[in-house]
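Two complexes come next, and they have one chain in common, chain A, joined by chain B in the first and chain C in the second.
Right after this comes the complex of A and B.
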């Protein structure tokens, strides 16, 4: 029952941001692990894969769901291997020696029933959830190192991470924030109000003024919806514009995002379907139905995309809960999070 | 069809709390300019709103004939109100009502439509104190479908994603989660099991359903194609709505039409704009369907006394037509393998310019220009003249039937019923003949309706009804010609009703024994069959009653001998 409600919410986009969705997904998966009957790890992984596929097809443009599923599968594999008694290091390393000696492959099979597997997996998942909950806090803790006094920071839209980041830095430093309003939804207004309530000097500018103002900006700090495997971003619409203006004026672009946002997909994996990368919302946001539905405009197509792709070369630094990284390094972090066998569910 | 958030419920609630009885309901209106394509002449309203309290002061719906509206002066007289007269609103059909609304409908039996209710409440506002409020919803989409034109507009809007998040790739439920629609550029929704042939193009706001196969070199624009269709090579489909299971042959062209389930269109057919092909019809090959043709599997013309091709009576008598029409299909209009009948247009509305969709079912497009206005005026005049006579008769028939129905249920005295029927007769200026025919027919109809579930009970029910109404029948069948009318209408009814046919003898016997019909009349009727036909012919009828007639003749001879 709850699963159906969850799928329906996914389809109708009734959730409050990536963190909320990730949290719900992983709680679901945890419930699945604890409540279904399974005898060995392979069976559990198959169940999770099946459920995961359902969730992903419900809303293909939300990568966080897929990330959570793959993360859980990786956790299961790790725990299985650890319980079998081998050290993690040797288990993961693909050495030449291993490839040549055809071993029993008990390890790869994952079919040996282990009694403590259930409890250890659930413990590990709980740990991961705690890590996720603390991610915003970890990111904000790094704020002091990156923001200096009397700096002018530009930001776009309303990201909870950026908000926490700036508020944390404001406790010790004095700086100036310029918020881009971000049409058509104008989330920037809310962010500006929230920052101003904490005593940060804030200015709101329109999207068209970005390029003009950029020469006076020291840093651009934005949040993102997801991070793609090549280090590119899937961010709120308007981000590509900001990134281009920043690179033109040689202003560093810092992207804040927790590790659960890092996904395996590349930009071209989407395969031609508009809806899996971008979410096209109602044209009402762009042009009112009063004008847009008239007879003359019947053959005019009005799009209101929700996301933007920002290529990795425009990004200077990624700050996540495990520290700062260059975009060219992001793909390496993937191997720590997900197992290569789970790339395709 | 709407993606409104229901926060407009909150102000309505507040109003109710402040004043228990007055706020009756809130209409959700949407502003759209008069030239907006979602406005059709059937839904043209002018509203007077009081801005300070969002109350509706006056509501007027234009009909096709007049384009003037009168706002009563008293709405402007309240010094505190700020009145706005608006012509740019459409009624979305979404009403937030209080529990008293259904009661209003039952109390006032002449409220047939929602519009009647609004008018009634506004007129009686001073006495009853009910108020209607309005909410103008502009930030979200809301619309309704009530004719072909609005179906077209709303479909196009859904495909253009105005109703997000209720868009096809999210909302359509597929049996397995592996099958779904993918959204491509230019608002195309292609199901992942559909197949497109070589060099076929699907352009611009279209949707292709599950399992549909499209042949080579086809061009599909602005159309919706349902599940399981097969469209062969070289077809051109534009602006059309094709439902499930349709097969379209090669080299066909379909423009701005409606094709319902399981239709088969053979090759080389040109379906011009405004056509409607109803379920399971076959058309073609190599046929040009004129603009605005409607093809249906059952014909509209039926052979009754009236002989009028009214669509409404066709549906009404549907259950009595046990056997399909024996009339042959029109090969000239529908092609060699055509199956179906072409429905004639109801009135003589001239097609003005080809640019406007003229067919009444599609809704006349609201174009500013004296040309179209005068043509619509003409057709309106014609409309008013012809149906006057027919309307009276059918209304009279309906009233009589209702009175008789009511008479049985409430056990009213026949005298009172006679009074009722007589008053209806004078009201509609009916002749005595009409009355007799109507009464007979109504009684038979009532019996038939009662036995809808169990045909064997037919005669029992009928006998019960007739017994109850013997005094009534006696009253109306006083002289020979009335009795003749009665029998002929009995026969006419029996011609199309198997149940009546079977017990016709018993009915005649009953009526004879109760002195409603006399022997001479029955014999006269028997020897003068009229040229009617229905499912059965007068010959069949006479066969059945042969024995009765023989018995009658013998009885008569005996009587005359005794004399």
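Right after this comes the complex of A and C.
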């Protein structure tokens, strides 16, 4: 029942941001592990894959769900291999010899039943949840290294990570923040109010003024919805314009995001019914019915995309809970998080 | 010991001491007064005073004569042909910058206030929370009335000008062409109602009547480039009135020339530009436009009426949301339209084949000054290799140079960005209360921004299609014509 409720929530987009969704997904998966009956690791992985596919098809544009599923699968594989007594590293190394002499042995099969597997897997998942809960704290602890005094920082919309980051830096440094409204949802106003209440000098500007203001900005710090495998971003609508203006004025663009946002997928321009990258939201936010419902405007097409793709060339630095990285390095981190056999569920 | 003595002084002894002191003082006074007391010396002093007065008078007359000669020299210099025109241009820019870009200099503001008082123009009160980056510009708020203290007397501002000023301040008349045309018609009214007082010359006095009117309009809303160009033209026409022409004839001649200015520079230029620009639109084009520009709307409507099949994407930005007006006009004519906000411009850009932008003014270094957001659209187009075509009449070219949008801009009312109706409780926008009570929270409402010339492929004017960097050439050609 709870599963159905969860799927319904996914379909109707009833969640507050990617952290919330990731947290719910992984709790859900933990419940699955503890409550369903399984005898060996392969059976568990199959169950999780099946459930995962259901969740992903309910909301294909939310990559965090898929990330959590694959992370759990990787955790299961790791724990299995560890319990079997072999070191993780030798299991992961794919030497040419192994590839040529591949036989279906127990290690690769994951069919050996192990008693302690359940408890160790649940322990590892709990550890991962703790790491996720601490991710915002870890990211904002790095704030002092990146913001110097009297800087002008530009940010877009409202991201919880960016808010915590700036508030942490404001404890030690004095700087100026310019918040872009972020049409059509205008969450930037909320962020500005929250920052100003902590005494940070904040100015709210419209999206149209980004290029005009950019010559005076020292750094652009934005949050993101997810990080793609090539180091590009799937960020809130308007981020691409900000990134373009920043690169024109040679202003560094810093992206804050926890590691659970890093996903295996690449950007593709597919449109139509197969489109999973972007979601077109209700045109009410752009042109409301009062103005747009009149007879003369009835044939107008209104676009209100939710996300933007920002190519990796425009991003200067990623700051995540494990430290700072260049976008060209992000693909390497994938191999630590997910197992290649899980790329296609 | 001394202290003890002082305390033991009786009141009588104190009185004695006081008397002695007074005597001494009087003696000293007398010493000083001795020179003025003897009567024999008074006429000498009076004579010296009279001499001083005469000297002063002589000095003043000498100064007046010197000024008069200077003026005649200047007039002689102006009637000389326009060889090196550049120094005058720079001088005019320097004079402009003396008052306009110094809202944070208290001395300059005092001077400006005095000047406005002399002209009987009410000074507008500044808004409360100014953004520090723009402290050199005036920041007004619509709620603080301009006309509360306006006087109605013999030397007051003409009511047509007051009406126009209020229309500017409220935003009823917007758009550079519309503002310029409205200005011309109001000044025509002022001229037709004008009567030269006796003993005064029309050309001199009319100009002095115009000055307070223009100051008032500047207080209502900073003058646009088109208005500046129009005012220069008016002043030139007034000084070029042949002496000896009767007043009524002169007034008719002025009104006719002003109407002609609007007709030639706005209406006819619009037709010419539309003709050139329509050659650039082909069947199957997807044209992107930003905000509202009367010229661009005309170009697109003409192209549609000529039978070209194209569709339009209108990009809009807060808080003016002027794109909706363009959307309505285009839909009425029957053009297929789409509508997005500026944050989605890069999302929709893969569909676009051409971008047409209107301009508020073109600067001498090739930068395009347009409504805020123009540079965003141009930037997004340049990245994808979509050509950007700017359409602008030649009278909007100005000699100013600018590289960023900070130095010279217009700051609008910050309240336009906040929640408008109290009923919108669920709106994420800031409320007036939230903005006012938090000290460190500022809201910036920019009106213009400046687009670098490398984003623009071509500028279409009535003189033809030119690259952005040819603006000073056009200015030179036009200055030689007038």
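Going forward, the second predicted complex is superposed on the first by the 332 of 345 C-alpha atoms of A that agree within 3 Å, B and C clash if a C-alpha of one lies under 4 Å from a C-alpha of the other, contacts with A are read in each partner's own complex, and residues count from 1 in each chain.
Here is the rule we go by: contacts are C-beta pairs under 8 Å (C-beta built on N, C-alpha and C of every residue); 3 or more make two chains touch, one makes a residue touch a chain.
Values in this document were obtained by computation on a predicted structure and should not be read as measured data.
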Overlay on chain A: chain C relative to chain B, clash or fit: fit
Chain B versus chain C as contact partner of A:302, first or second or both or neither: both
Touching partner for A:212 - first (chain B), second (chain C), both, neither: second
Which of chain B and chain C A:38 touches, first, second, both or neither: neither
Partner chain in contact with A:13 - chain B first, chain C second, else both or neither: first
Which of chain B and chain C A:58 touches, first, second, both or neither: first
Partner touching more residues of chain A, whether chain B or chain C: C
Geometry of the superposed three-chain model: angle at chain A (Cα centres of chain B and chain C, steps of 10 degrees): 80
Partner chain in contact with A:241 - chain B first, chain C second, else both or neither: second
Touching partner for A:184 - first (chain B), second (chain C), both, neither: second
First (chain B), second (chain C), both or neither touched by A:267: neither
Overlay on chain A, chain C to chain B nearest C-alpha distance, Å: 9
Chain C-contacting residues of chain A that also contact chain B: 292, 299, 301-302, 304
Chain B partner contacts - residues on chain A that touch it in the complex: 11-13, 53-54, 57-58, 272-275, 280-284, 288-290, 292-295, 298-299, 301-302, 304
Residues of chain B that touch chain A when the two form their complex: 3, 30-33, 35-38, 138-141, 153, 156-157, 160-165, 169-171, 177-178, 180, 182-187, 204-205
Chain A-facing residues of chain C, complex: 131, 133, 317-319, 324, 327-328, 331-332, 336-348, 350, 371-373, 375-376, 379-380, 383, 404-406, 409, 417, 427-430, 434, 438-446, 449-450
Residue numbers on chain A that touch chain C, as the complex places them: 181-187, 189-190, 192-193, 196-197, 199-213, 215-216, 237-238, 240-241, 244-245, 248, 269, 278, 286-287, 291-292, 296-297, 299-305, 308
